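Okay, so subunit A shows up in both of these, paired with subunit B first and subunit C after.
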Partner chain A sequence: MAHFTKATSLHDWLNQRLAIDTLRRVLATEYWIPKNINFLWAMGMVLAITFAFLLVSGIFLLMYYQPNVDLAFDSVNYTIMQEVGYGWLWRHVHGVAASVVFLIIYIHMFTGIYYGSYKKGREMIWLSGMLLFVAFSAEAFSGYMLPWGQMSYWAGMVITNLFAGGSLHADGLVEWIRGDYVPAQAFLNRFFMLHVLLIPLAIIGLIVLHFGALRIPHVNNQDGEEIDFEAEAAKYKAGDKANSKVIAFVNDFMSKDMMVVGIYLIFFFYLVFYHYDFAMDPVNFDPANGLKTPAHIYPEWYFLWSYEILRPFSTDVGLIAFAFAQVIFFALPFLDRSPNAVPASRRGLFKFWFWAMLIDMIVLTAMGKVPPEGMFSAIGFYAALTFIGLWIALPFITKFEKKV
Partner chain B sequence: MKNNSRRGFMGKAFGAVAGVGAVASLYAMKRSWDPLPSVKAAGFTVLDMSAYKENELVTEKWRGKPIFVLKQTAEMVKKAKENPKDIERLIKIGNDYFLVALGLCTHLGCIPGYNPDDKSFLCACHGGLYDFTGEVTKAPPPRGLDIPPFKIDGNKLVLGEEGPEYKKMLETGITLKA
Partner chain C sequence: MKELFILAVVTVFTLLTYYLVEPFAHSQMHKHIESEGFAYKDLPALTKKGDAEHGKELVMGAGACVGCHGIKAEGMPAPMDAVTAAQSYGVNPPDLSTAGAIYEPKFLAALIKNPAHALMVEHKFDESKGQMHPMTSFYGAGGDLDQEIADMVAYLQSIAPKAEEVTPAMAFENACGRCHAIHYEYNLDGELHPSWTQIGEKPVFKKKQDELKFETKVLDYQEALKKYMGTLPPDLSMYIRSRGEHYIKTFVENPQNYLKGTAMPRVGVNAEAAEKIIEHLENVGDSKRHKREEVGKNVMIYIFIFAIFAILWKKEVWRDLH
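For the complex of A and B:
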């Protein structure tokens, strides 16, 4: 047994039992962050804060929400919105955060792609981040079912139908997922469970893994510089902070991080109070009706790019293209054959690949929103082909990239 | 050494027990997600076929899904007879021909709308088109509208029971099992 002495303070008492000083040193004051980074490196903290907002607003919504096909719609649109004091606030925070979290995730992802932050020992950061993206997508979809409006119902119908696998015609699997022939009580209940318990648990676990994956390779920097973290940390601890290339996570970096978070929160609450409607589809204010499809079914903006990859093809080809789009980002660290972990601007052809991919995904997003007719059909089709083509080209253009 | 092999044995024995337990619990979990018997036993729908008007789409409900019933005009029947695949999709009751089909697009399950002037179904989700016999005329739908299991009972049609006419449609590949 360890040797305990009479505590001199509450801090000392806790320290003897929980080693809080060591914990603080390892996790905060001696966790090193490079100096040469910009505001894009604050997106991780912005995401963590947004997740906290989702969690807290979700707890309050959970107290009045009824996961029952007859009651769900009114529990959201009447009870929470009109009866519960400040219920509207939790709903609008939850809805806006669910939408904005994807904007930040995409910025976070493309920052990683631009600066090569998925290579040279940082592969696990990328892979755990992609798992988080999948978990957040599932969380967004399951949450979208809960108000049980027309878009909830029909999105549930269309997305679960994807599991029939086109010509495989696996209707049994689809009915198994739904627990019924069509989305009904069993479906609403199980997606409620997934949304409030299973997927959030998975997300919290994955966030821990994502942070853990950062520990050994450390955060990348905007110059692609390979930093000797031990040597630089020694300089910092010796008092030579000016010449050290690193700073402590707490308080040095955190103060800058929270500055960006502060600006973000002003933008976030501006949306919550004045423009929450962008996250609320008007069609979903009609109660679910299994005998009437809305004129246009489209997902929320953050799924439009992959939806547009599904849409222009026949069922089977579309499904294969869609499945490809869903998993291909996982393969990025392995398809990029170049040893250079530097910003895209210094990587020759990869620079063009990066901007082409970004623009193509914006085009796909825009085309996914408009009805699939005429010109838009054609643009969507070629943008989908471009997406697939870019991924096929990636190993070749990076293989012949000059070493910098 | 003796200890090590004993521990090894205990490890393997635990692994075996845990493995059986894991498979058994996975089975229980799978079964808990199955549709309930009450859902499976959802009743049969009986349609009185004498009540429908020509070229007027009526949407009935069977197992929570919409069922299109479209009584064909003489002109439509004549046109359908030009192509054996088309006429086989229709159900003959007395002297009348009906399209009775699942009103869900075979692409991703949206409900197509009927245009009585064009005599065609348009799925607004992804732009698929069907003619008045439920056959596809424009992709992405991979096949015509599915026909629910039915049994002809005089002037009535029982949905959910498989009559000889339905079984023949399955055999000839006119429809898939819905």
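For the complex of A and C:
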């Protein structure tokens, strides 16, 4: 058994029992981050803060929300929005954060792709990040069901229909997921459970895994330079902070994170108070009505690109393309055959691949929302083909990339 | 500086995506309709100056208005209760006390002359096929028809409250509230207003029996209304969020703008009354908008100060690192 002495202070008392000094050193003051980074490296902290907003606002909403098909809509739009003190604020924070979190996730993902931060030992960071993306997507979808408005109902109908697998006609599976023939009480209850318990638990677990995956390969840097972290850390600890290539997570990196977070929060709260409509579709302020299909059914903006990969094809081909789009980003570290873990700008053809992928996904996003008619369906069709084509081309163009 | 360049790239792509999925996509999904400012340009302007005294005689006498409409301002109650009226006419005819303040005069004139035309429901009420609008046209009392109609409009204006005395709730209840319910209660200036049904505000009942009797009446009214309109007109509690101000205004101005062939009539409100209807819908569906602006301002000030301190802290910490 460990030897305990009479504590000289609360700090000492805790330190003997929890080793808080060691924890602090390992997790904060001697957790080394490269110095050569830009503000995009703060997106992780921006995501953590946004997730915290979602969690806290969600807890408050949970106190008044009623997961019942007859009460859900009014519990959100009347009880929370009008009766409960500051209920409107929690809802707007929750709704806006749910949308903005995806903007930051996409920026975070494309930063990783641009700087090659998914290779050379960083594969698990990428894979755990992709699992987080999937978990956040499920969380967003299940949450979207809860106000039980027209878009909740019809998005629930359309997305669960996908599980019938087109010509496979797995209608039994669809009914099993819904707990009914159509979205109804059983459906709302289970998506409520998923949204407030199971998926948040998974997300928290995955965040721990994602952080843990960073520990051994360390954070990448702006030039893809391989850093001898031990030697540089020694330099830092010896007092030569200016010449060391690393900085401490706390306070050095944290102070830069907080600067970015501060600027981000100006943007975030501007949206919460003055520009929230983009995150809360007007159609969803009509109560769910199974007898009245809305004129246009579309998912929230962050799902539009994959929706548009589904839409331009016939049912079966569309489903296969959609399934491909859902999983293909997981394979990025293995489809990229080049040993170079440097910014895309120094990687020959991959540079064009990166910008083509980014622009193609924006085109898909736009076409996923507009009605699929005339020119728009043609653009959507070719953009979907381009998406698939780019992934097929990736192993070839990276295989022949020159070593830098 | 490199970081600013990266920020510019991120911002440009973000704004581009926003533009495409919001303003651009919505412009492709919904046609844009400009308001005419409630001018009702298709209706002829009033050319004659009305004589309210003579108008009163017509409204009470030859015009036969009070056979169906009440005028509470003159101490005349409606001839029938709301439910019986709806069962007779499809919808309860409005009390005329405030009509002169809420509706555009030339609309009132056109309505008296030919209701189906003014209300834009001629596709539903075609006299040649024997489909008569429940409000009969006024064919004149022997004099100049246009002069007589101008007199009746002048009378309605003479008994109406002044424009500034018309409250948002009054405008809504008269122009919209006989077809549309609002089941959300709302708090205005510290006073709780009950929910609105097509037959009036829902009172507070001490006995369950009385409440059920009232609800039965509402259901009877709604049944008659449904038969008349083809479908029960929607509850408008959240319309300010689901449709927004622009849509509601241009829809009220001319329902055929968006829904060709809809049974919803053009109600002919004037521009001030339209503003008041919007205000009422905001009071009901977006009641915390003033609080939102107030809190928003304070939070923005706080966050700016936070950001300044965060930037200063970063500069302080990084001084040693460069």
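In this text, the second predicted complex is superposed on the first by the 404 of 404 C-alpha atoms of A that agree within 3 Å, B and C clash if a C-alpha of one lies under 4 Å from a C-alpha of the other, contacts with A are read in each partner's own complex, and residues count from 1 in each chain.
In the analysis below, contacts are C-beta pairs under 8 Å (C-beta built on N, C-alpha and C of every residue); 3 or more make two chains touch, one makes a residue touch a chain.
The structure presented is a predicted model; accordingly, all values stated were derived computationally and were not measured.
Superposition of the two structures on subunit A shows subunit C fitting alongside subunit B with no clash. Within the superposed three-chain model, A:4 lies out of touch with both subunit B and subunit C [touch as defined at top].
Comparing subunit B with subunit C, the partner in contact with more residues of subunit A is C. Contact with subunit B, but none with subunit C, is seen for A:162 once the two complexes are overlaid on the shared chain. Of the two partner chains, subunit C is the only one that A:285 touches; subunit B does not reach it. With both structures placed on the common chain, the touch criterion links A:179 to subunit B but leaves subunit C unconnected. In the superposition on chain A, A:296 makes contact with both subunit B and subunit C. Shared-chain residue A:274: touches subunit C; no touch with subunit B. Minimum Cα-Cα distance between subunit B and subunit C in the superposed model: 11 Å.
In the superposition on chain A, the residues of subunit A contacted by subunit B and by subunit C overlap at 295-296, 371. Contact residues on subunit B toward subunit A in their complex (touch as defined above): 30, 33-36, 39, 42, 59, 61, 63-66, 107-111, 124-127, 139-142, 176. Here subunit A touches subunit B in the complex through residues 154, 157-158, 161-162, 166-167, 169, 175-182, 184, 186, 190, 290-293, 295-297, 311, 313-316, 318, 371-373, 377, going by the rule given at the top. Of all residues in subunit C, those touching subunit A in their complex are 2-3, 6-7, 10, 13-14, 16-18, 20-22, 24-25, 28-29, 184, 186-187, 237-238, 241-244, 285, 287-288, 291-293, 295-296, 299-300, 303-304, 306-311, 313-314, 316-318, 320-322.
Residues 35, 38-40, 74, 77-78, 81-82, 86, 88-89, 92, 103, 107, 241-242, 247, 251-252, 255-256, 258-259, 261-263, 265-266, 269-270, 272-274, 278, 280, 282-286, 295-296, 301, 304, 358, 362, 365-366, 369-371, 376 of subunit A touch subunit C in their complex.
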